[in-house]
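Each in structure tokens, the structures are laid out below.
Each of the next two complexes has subunit A plus one other chain: subunit B in the first, subunit C in the second.
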Partner chain A sequence: MGEASKISRYLYTVIVLFLIWLAITASLDVQELGFGLLLSLIVAAFTYEIFTTNGLANLHPRRIAYMIAYIPYFLWAMIKANIDVAYRVLHPKRPIRPGIVKCRTVLSSDVGKLALANSITLTPGTITLDVDDDEYFIHWIWVPDEALVESEEEHVKASSEGITVPFEKFLKVIFG
Partner chain B sequence: MNALAAIGEALVLIGTFFYLLSALGLIRMPDVYNRMQTSTKSATLGSLGVMVGVGIWALGTDFGSAAWLTKTVVIAVFLLLTNPISAHALIRAAYKSGIPLWEGSVVDKYREHLEAGEKKKAETPEASEETPEEGGEE
Partner chain C sequence: MLKRALAIISLLLIGYWIAQGLAGVPFGQDRMLVAQYYLDHVKEQTGAVNAVTAIVVNYRGFDTLGEVTVLFIASTGVGALLWRRKKQRTAKTEGSIVLTTGTRLLVPFVMLFGAYIFIHGHLTPGGGFPGGATIATAFLLLYMAFVQYEIPHKAFEKVEGAVGVSYVLVGLIGLAIGGYFLYDWIWQDWGFGVDNIGRLLSGGFIPIIYTIIGLKVGTELSGIIDNMLKEEVSE
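Right after this comes the complex of A and B.
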């Protein structure tokens, strides 16, 4: 996906900043709204170049629908992760079998990779250690048997299926 | 006491429980990597529960307003987006400064990756680095 025009990127930054202003002030007073809009316009003029590369294309309805669907999915994965942590911490035998595994991703954009890395860190038993192009190095608290094979390809396939694939179907649409 | 306040109180209680687990994980886990695992996840969900819980709790009281909820949700989202990044930076810095994995660890693909990058660098003589930890870096 190529870079969007400057106007579109600028407008997108203004919209995001203004939404944050709305939530923080939590008031619909005309004066507050006007001043917030002014501030958004000024701040966006300084920051839009580093904030976004896609511009208004981020507000495509399909992307927004996937993002809204992603929120409960992600929160549920996070709750599962914490129950998993609770089990491992409270269990007297401390059932951990850690290791650093390698995964591959199909995402291409940098923001998508960042979102995937964040999602991995907050979900069951995994934490991202490093990202190099399309390779993720992930510290896994319980490496399953399928990932303990000698062959490199099978290892990557098994660990990707356990870690990255469940999120990719959402993040592929949201960030490309 | 009404339903909203009760939900908020329950959320705060759950959040503090996860805070406790997070602290317990720091004590029980054997090495820095596993400690990061437990503390990051539990502290993030714990804070999320406490903050959103306070927002909902305030809705149920007579002095509270919707502004409480929106502000706490903004803070919660901010924390949700930044906490994993700090964890990632810490764990990567720990690895780069040579802290070993726990002896029970079964596989370390990152070491292989760094060594492969090292070898590639040694083959191209003009780009030879002295520090072994930085082998996989650009």
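Right after this comes the complex of A and C.
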């Protein structure tokens, strides 16, 4: 995906910062709004170059809808995984089979890779150790049988099915 | 062994001595003499809701000017101690994509929040020093994530000097108008924001001074980080 124009990137940064300002002041006083806009304009002028490469394209309705849908989906995955880890901790035999697996992702943007890495780490049982281009190295608390194979292709396929694919269908649309 | 035993015994003695001294202080009782005056008059005299800010910037503005000077001397001292002819960043290990992208996304928010802290100095806890430190944190993040990153030195030095001068200038205007240094002319003479107490545009010159301090502390701490992270390289 190519870079958006400077104006579009600047405006996107201003909009995001102003929304954050609204959230932290929690006030619709006209003075607060005015200063918030002013500070957003100033801070965005210094930081828009590192903040975004897509600019206003990030505000596409389809992306926002997927992002809103992703939040409950992700929270549910987190609750399930936490219960799973609690079960492993409390079980008398402590059934863990830890190992480091390699996954491959279809995401291409940096922000998407960051979001995927954080989603993997925040769902207990899996921790992202390193990201190298489109390869993720992940520490898994219970490596399933399908991933314990000799052939690398099958191993990557099986571990990606278990870890990255469920998040990717959302993150691909949100971040590209 | 003997040294350690002696040190422990003398520390215990000093602790007992301090505890004896503190035992005479009546905790929980109303013993405020000056403080009661501040609490009673802070709103009408300074326009600030945050009494701490009003005391630090307004009633005892000299202290704050002194603190800013101390910080300036610290920054200059670090610069002087670490001064070399040619200094560069020599870090080699670039952060992973998670670190660099995370930093890119966080830096604008950290900066905005730093500005939020110092602009609300007269309303909420915080003020120029925490706000400036928060802004310096944003630059520390950039330094940690990117091996090549350097602050724009020219601009930073100019901002640092300009805001330092403008702090003294605000005080001198007060001297000319009201008769003493750091006299709050915006509140006392203009009455700007009198019907506005508790909202953003009030508090006399406190928001202005805190913006100045925030920028000064932010640029100075970033300069200290910059000085400490660089290493000498041979020609």
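Basically, the second predicted complex is superposed on the first by the 175 of 176 C-alpha atoms of A that agree within 3 Å, B and C clash if a C-alpha of one lies under 4 Å from a C-alpha of the other, contacts with A are read in each partner's own complex, and residues count from 1 in each chain.
Here, a residue touches a chain if its C-beta (ideal position, glycine included) is under 8 Å from a C-beta of that chain, and two chains touch if they have at least 3 such contacts.
Quick caveat: nothing in here was measured; it's all calculated off a predicted structure.
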Clash-or-fit label for the pair subunit B, subunit C on subunit A: fit
Once chain A of both complexes is superposed, is A:I24 in touch with subunit B (first), subunit C (second), both, or neither? both
For A:I96, using the defined touch cut-off, is the partner it touches subunit B, subunit C, both, or neither? Pick first, second, both or neither. first
Which partner, subunit B or subunit C, touches the larger number of subunit A residues? B
With both complexes superposed on chain A, which partner does A:N82 reach: first (subunit B), second (subunit C), both or neither? first
Between subunit B and subunit C, whom does A:D130 touch in the aligned arrangement: first, second, both, or neither? both
So, A:D110: does it touch subunit B (first), subunit C (second), both, or neither? second
Let me test your reading of the model: by the given contact rule, A:E161 touches which partner, first (subunit B), second (subunit C), both or neither? neither
For A:T47 in the superposed arrangement: first (subunit B), second (subunit C), both or neither? second
Subunit B versus subunit C - smallest C-alpha distance in the overlay, whole Å: 7
Where on subunit A do the contacts from subunit B and from subunit C line up? 20, 24-25, 117-118, 128, 130
Mind listing the subunit B positions that touch subunit A in their complex? 18, 21, 24-25, 28-31, 33-34, 36-38, 40-42, 44-45, 65-67, 70-71, 73-74, 80-81, 83-85, 87-88, 91-92, 95, 101-102, 104-111, 113, 136
Going by the contact rule at the top, pick out the subunit A residues touching subunit B in the complex. 20, 23-27, 78-79, 81-82, 85-86, 88-90, 94, 96-102, 117-118, 121-122, 125-130, 132, 135, 137, 139, 141, 143, 147-148, 155
Spell out the part of subunit A that touches subunit C in their complex, as residue ranges. 13, 16-17, 20-21, 24-25, 29, 31-32, 35, 39-40, 42-44, 46-48, 50-51, 110-111, 113-114, 117-118, 128, 130-131
Which bits of subunit C are touching subunit A when the two form their complex? 96-98, 100-102, 104-105, 107-109, 111-113, 115-116, 119, 196, 199-201
